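In this document, chain identifiers A, B, C and D correspond to the written order of the chains, with residue numbering beginning at 1 in each.
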Amino acid sequence: MKEECGVFGIWSPQKKTIAEEIYLGLYALQHRGQESCGIAVSCDGVFQHYKHEGLVGEVFNREALDRIGEGNIAVGHVRYSTTGGNNHHNVQPLVVRHMKGNMALCHNGNLVNARSLREKHELNGAIFHGTADTETIVYTIVSERLKASTTEEAVFQTMQQLQGAYSCVLMTATKLIAFRDPFGFRPLCYGRMQDGSYVVSSESCALDTIGAALIRDIDPGEIVIFGKEGIIEDRRLCGNRPALCVFEYIYFARPDSVIEGASVHAARLRAGRFLAQESPVDADVVIGIPDSGIDAALGYAQESGIPYGVGFLKNKYIGRSFIAPDQMTRESAVKIKLNVIAETVRGKRVVLIDDSIVRGTTSERIVRLLRESGAKEVNMRISSPPFRYPCFFGTDVDSQDNLIACRLNTLEEIAADIGTDSLAYLSVNAVHRLTGRQQGMFCDGCFTGKYPIDITENQGKNKFEQPLPPCEPGVRCPNSSSFLCTPRELCP
Amino acid sequence: MKEECGVFGIWSPQKKTIAEEIYLGLYALQHRGQESCGIAVSCDGVFQHYKHEGLVGEVFNREALDRIGEGNIAVGHVRYSTTGGNNHHNVQPLVVRHMKGNMALCHNGNLVNARSLREKHELNGAIFHGTADTETIVYTIVSERLKASTTEEAVFQTMQQLQGAYSCVLMTATKLIAFRDPFGFRPLCYGRMQDGSYVVSSESCALDTIGAALIRDIDPGEIVIFGKEGIIEDRRLCGNRPALCVFEYIYFARPDSVIEGASVHAARLRAGRFLAQESPVDADVVIGIPDSGIDAALGYAQESGIPYGVGFLKNKYIGRSFIAPDQMTRESAVKIKLNVIAETVRGKRVVLIDDSIVRGTTSERIVRLLRESGAKEVNMRISSPPFRYPCFFGTDVDSQDNLIACRLNTLEEIAADIGTDSLAYLSVNAVHRLTGRQQGMFCDGCFTGKYPIDITENQGKNKFEQPLPPCEPGVRCPNSSSFLCTPRELCP
Amino acid sequence: MKEECGVFGIWSPQKKTIAEEIYLGLYALQHRGQESCGIAVSCDGVFQHYKHEGLVGEVFNREALDRIGEGNIAVGHVRYSTTGGNNHHNVQPLVVRHMKGNMALCHNGNLVNARSLREKHELNGAIFHGTADTETIVYTIVSERLKASTTEEAVFQTMQQLQGAYSCVLMTATKLIAFRDPFGFRPLCYGRMQDGSYVVSSESCALDTIGAALIRDIDPGEIVIFGKEGIIEDRRLCGNRPALCVFEYIYFARPDSVIEGASVHAARLRAGRFLAQESPVDADVVIGIPDSGIDAALGYAQESGIPYGVGFLKNKYIGRSFIAPDQMTRESAVKIKLNVIAETVRGKRVVLIDDSIVRGTTSERIVRLLRESGAKEVNMRISSPPFRYPCFFGTDVDSQDNLIACRLNTLEEIAADIGTDSLAYLSVNAVHRLTGRQQGMFCDGCFTGKYPIDITENQGKNKFEQPLPPCEPGVRCPNSSSFLCTPRELCP
Amino acid sequence: MKEECGVFGIWSPQKKTIAEEIYLGLYALQHRGQESCGIAVSCDGVFQHYKHEGLVGEVFNREALDRIGEGNIAVGHVRYSTTGGNNHHNVQPLVVRHMKGNMALCHNGNLVNARSLREKHELNGAIFHGTADTETIVYTIVSERLKASTTEEAVFQTMQQLQGAYSCVLMTATKLIAFRDPFGFRPLCYGRMQDGSYVVSSESCALDTIGAALIRDIDPGEIVIFGKEGIIEDRRLCGNRPALCVFEYIYFARPDSVIEGASVHAARLRAGRFLAQESPVDADVVIGIPDSGIDAALGYAQESGIPYGVGFLKNKYIGRSFIAPDQMTRESAVKIKLNVIAETVRGKRVVLIDDSIVRGTTSERIVRLLRESGAKEVNMRISSPPFRYPCFFGTDVDSQDNLIACRLNTLEEIAADIGTDSLAYLSVNAVHRLTGRQQGMFCDGCFTGKYPIDITENQGKNKFEQPLPPCEPGVRCPNSSSFLCTPRELCP
């Protein structure tokens, strides 16, 4: 389960070493995407940018930072890590020059009508270089910009054509524009620095990093324009019932972030407490699987009165460069990353908290490790409901065939499969109370299969990327974005 | 003085490791461009490409070659080395996907109406990523392709809109298309391999490398389509008086190439012979400056009867990674690259042959080195006429302010400046006889200022690349491709 | 405060992909040293090795692992990260060929008589390539080996000449030899795999990683030889009162390791409990500074009954490649690495647990961040005594001038300096009870200034590395290892 | 056939950016070795050095040069490229610290008694890190230095123990010492710069590069010491009949170098003239194979009156990074590197000059290419005698099994094998007259099998490098440098 992106932007009333601040912000948002990253800076309207595949710490060195260096507006982006897929054209920010100026766009989310929008532009002669939705958004904004008197008006016209999830920051020569889809699937907030700069970020933790005070979230459907005139809000598209992705609280977001006024850490403690209320168990110690199971475990311990313990040591040096030795069993692959602290579990009845179960194979191995270390009993509690349906709004979930909650029918079967003495999930009802406030503001499509937007277009993740099989010439191509296959050309 | 590019393409009746053959071809064309290179392969219509800044040997390793590997059509490109200018979007082949399929274009040359063409597309919503003319050509072909029934017809429509120099190879899913501007400023030829493949190349030396036999040059204005139906020639735009760049013979092309039926090596020997006829001198030895002065020196020696000698040792290890030490004088910078073989010149009256004089500073240092090594007399002979005018058709010449033939008025002044006992250039008339055949087929604009095409648009080399100064909002922007500057946006 | 090294070795009865197992072991020991690492493998007596500056994941790729690949004996090493000091010759294992065979040595610790030993060898014509003590140990073993009939006898003779801390593994063509200095300053243990291999490691957590069961610690002064004859123990030098470094429990070792039969995690919980007993405080929440303060905080919470909370989010992506921006204040440098979870501390009286205070500057900033996040009161508790004296046995401590416990005289002064409402350290007496068993087995020299070995030679960390000032020729050189400075040579 | 090394050194009366001058010198000596290179600088006795595998332009960047930067004495080295053999310890200069100071040594040549010398040191406890003779020389000098009052005396004592080829420069804290073996197998000369610096170099072409005037060659057996006292010559070991390697003139050295007072270029012209006298032929054109056959071809043309022509274009971009495509035939591998200029040879009777024939396979392919390009007749002339015997003095020749002159008995057989119409080699007698002066000063061992020094020790090139097969324990090891194999240790 992977988040798609993080966006960050700054508008400053005066020139400063703005790239360094974006760099710090991206470091704080790195958990939202590890595939690639980039920064674009506008210095009085002259754009410089630098972007590449890799982590923030790998992509940016002192020389790169100095080269894009000074400016008064800037945007940055982190993108999540796919296997393969080395398409440099998808790395953001997307920086383009059109007839009326420059533009740099950063996007978090996923459109559901990207294909038809893209076809519309291609029929007008457009050439797309990458395969990401972001390029479709850029093309639409540029098209609208040629007709509109301002970029923000072009954004408004564009939003009426886009369907799906998008939390974006857009930089022009003079403005920083933040906009969020009418359902608000992905978070987006802004704050203010002591030097008068405004900062837009996917999460508030990145505001903390550069000393910006959180003002508020950008509302679903809202456009906020930061410029010399101050802040202008365009709320014409606001008013929908929001549908924030609940996994932002459970898994994606950093616990020190505050989303829609609620602390992520507190939401996770609360998830643990709800779990303890809904699915109590008689046990000696509560342990969580690092990193995101820790908070819920503490909540469970607090609510249940069972002592909280540190059950695992996570090897912090295991990263992408780790080579799983050929002879290595899957068990040892887990063990090198996550070793049990036997002292904590030996001879005890354990409550084991995790945020989710995907395929179940890792859970099964962890349960076995606990037993090998002397745990008398392992009772698993999951701080989210079982997910059984795909996400079309920016989360990369495994295929349904692999999901244990789809493969197996009952809790008992799943418990048997992963070898726990007992198993319970959080209820969907509890999910809607995670923030401690109003109910029903979340998208729960991945649990219930009921999505806030109608899903019609086929939505593979890399919908334009794969080479397609040849099709009949001269007829409507069923499997490509080309609607006409001429006699002499194959559709890919 | 720098050449802009080399192009190469193969159409094969069956699949093979075609990328490796392009790789060999690019190695043979490396002298035409050292900035960047790339290869695109079509395997039954599925495109793969790899391109990067750097020499062929730097960009392609075994892994990269294997990745793009097999196919039945392929194109490749080498681009010349500019200082700075790290715009990845200009690296060729340009590979694009449009509504009717894929396309990969390689281009050698320079348009004179790129700006107005580009504006036309931008006004229609197009987004340009790079600054090279090639992207403008691609956009025009794609636009025409949406209206035309075949790619070759789109090429024909496009050629009627392009003005300037272009020798191109274009790959579609099923065809390889070679086309050359109606004046034929840059060379382009094709040949055939024993396995039935057709090969298009900027120069014939690259055909030799992969064992292809030269068939003929693509004629100025001609479109040649290689495909399953065999070879189709479209000669509707042929018939102009040709205007090949004469420096292809004198300097750019490899001596083992044959252009328009004439050996480049023979043309250089002939230049030396003409020089000996036009500007004889009483001397003891004839030496040439490596590499391109060597052949003309041998021709001068043969015609004059004065013995030919080896005057210099060129250090073949000096490349782009050489760091000129801080304390190094310009003299020693020349000496590390080009050492005099004193034995050859000591106590002798020397005839020194070079292909051209640009600023004169290098010539002055070489003459001084010869005298320090004991030459009694240095008589310089140049195997081309003095050039005094800019080139708009794909050669990168120094600014007129720097050209010694512009700065100084007479041969005597130039001779005094570089310290030779005598100096002579080849006549423009002799230039037109270099191939040993018909006269007047060359462009001699850089010697005479008379160009075959009217030059109206301002033609800096990187016309879209430089950040421009701000201009008045709301009026026609005089220094950018944007025709309208809105109040809130600066033109860059 | 930095650990110097980790060592790892395997003896196997049959050939296997032994390098991969060492690789996993080094990953588990990475916390003991991040400067460089290496692996040496013996395959039936043929040695292969690979080592380099960098983390295990940076140094070893699939190709490097495959190249040294198979074997029946192997050793590995991780070394701690110094600034600068790019001396490739210090990277371990040290692999040498002498008259009677090959040898590879890995060493954790620090000698106090390295200088005089080195001089002895140099006077015999020896050439030293690096500056580490390890080379001195190797030279001594090789010298003794020429006289002894076995390598283990040479090790025994060598140990009688070495003074200081050394936990070593030594590989010959047929044996793996582990030896530990008579005081046992640094840990060393061994275990057994199911395939019959014996494994030696600095810490037991690395045994877990490859599925080896811990047998016992190598005793102080013991030599253990693993070979075809099985395990041979040489205990002639055993019997000293041990003097293990107490910071192995408090800070260096991984919490999932077991040293001298005691769990490191349990020792840290116990440190927190002792702190709560010795220095109670009335408060609302106990939080620990990640990573090593977490366990003690939990112990403090358990003993005191005050709720445990998660106070900080540590950014796990901040590594060596992080560039502290020029304009960055020290405060924001702390904040990017360690953000407060405001929800946990707002409006509360906080007990803040850390493992030590070095200069006090970081503590001061963390305390300030807590107050800015709304903490009403900050009571700091340190799970070790104040350290005031240098370590000569393998720990790299800051200079005494910088240590806050040396600069300031009273607890009150220190508390005022770092801005806490109260402050307490763990008592030295409690330190000796950390394992829950016998007392007095630790070295407490850094707290008390009383060392188990007499310190006579001047012991800078890189004693042979720095260029030394010139000294008088012809007299005993006071500041170099050269005892005679001849008239014409400067001592460096 | 490959040269082993090039050495370079500077002694300056004052500090300067001396590393940059060494860098230029190494660029000029790059043809003598492409495997690795290095520079060591002494700045008032403080040594800095930098060395690595790779070409000079790859190893040294601005940062590396600046780091070792300033000084008053410096030495540099280039080493030839072997396949594999990544032993960092063999890269020169070898920089060592001994009891009386520092030392940096650069060596060109090959010892014939390295093994016995090395054993002597190992029996005294010495540890060797690399496998090159140079380390043996260093160890011997250091041992002698402990007994001698000066380094130059230690060099003198060492030279009496060394047998074989060695041209060395040695840097101490205050002196630069150049010494050459009593037979003078490899060249070594020195000169003077205008700033008063003395420069030692393998070849004079490197003196030219930095503006130093050649003074004279270091004589065989001579030690020259450059220091504050000026130049001191120690000629106690001079007087042997010299035995310079004749391939220095024919192949290795740069044509712009002057060795023993004779121009290398002139010697090659003379070789061509002697060939024309000894083996005339009736033909239309004389061509040479680049690079080293060109000069001899010109000499042949001058003597015979047959016109000289340019027969080949050598691709200057083909380097170590070139990947020979899998499907590539050997023929096209030659063609990509060396294309025939058909214009020169078509319909002609050709004299083809090369400096040597090794296996004959490349010659055979070149002859075939010439015929394919239309040559009517190909008469091959070789500017050296056939070599049939190994070299023990620093040249890396193919094994005798592969040498065509060993495989085949008569000129006719060789001519038939490579497909020439006629074939002739230069006579050994002519070789001794190449400098135009005295006879018999050369080593002609590779032609005659008669060497100036007795060859007793087995002399593989990498004599200590290969893993050796196990041998009987306890007896004198026949195939290793270890004289005693103990029961428990294998000899490698």
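One rule holds for everything that comes next: contacts are C-beta pairs under 8 Å (C-beta built on N, C-alpha and C of every residue); 3 or more make two chains touch, one makes a residue touch a chain.
Given the structure is predicted, the values throughout are model-derived calculations rather than measurements.
Q: Which contact partners do chain B and chain C have in common?
A: Chains in contact with chain B as well as chain C: A, D.
Q: With residue numbers as the basis of comparison, which of the pairs A-C, B-D or C-D duplicates the interface of A-B in over half of its contact pairs?
A: Within A-C, B-D or C-D, the interface duplicating A-B belongs to C-D.
Q: Name the chain whose C-alpha centroid is most distant from the C-alpha centroid of chain D.
A: So the farthest one, by centre of C-alpha atoms, is A.
Q: If I rank C-D and B-D by number of C-beta contact pairs, which comes first?
A: Result of the comparison of C-D and B-D: B-D.
Q: Report the inter-centroid distance (CA atoms only) between chain A and chain D in whole Å.
A: Distance between chain centres: 61 Å.
Q: What's the distance between the Cα centroids of chain B and chain D, rounded to whole Å?
A: 39
Q: Averaging over Cα atoms per chain, report the distance between chain C and chain D in Å.
A: 48
Q: Where in chain C do residues touch two or more other chains at once?
A: There are none in chain C.
Q: Considering only which chains touch which, label the overall pattern as line, ring, star, complete or other.
A: Shape = ring; chains linked end to end, path closes on itself.
Q: Which pairs of chains touch one another in this structure?
A: A-B, A-C, B-D, C-D
Q: Tell me, which parts of chain A touch chain B in their complex?
A: 44-47, 88, 96-102, 119, 121-129, 138-139, 142-143, 146, 149-151, 172-175, 464, 467, 470, 481-486, 488-492
Q: Which residues, counting only chain A, touch chain C once they are in their complex?
A: 16-17, 20-21, 23-24, 27-28, 30-31, 55-58, 60-62, 65, 205, 208-211, 254-256, 263, 265-266, 291, 294-295, 298, 302, 307-310, 313, 315-319, 321-323, 325-328, 332, 335-336, 339-344
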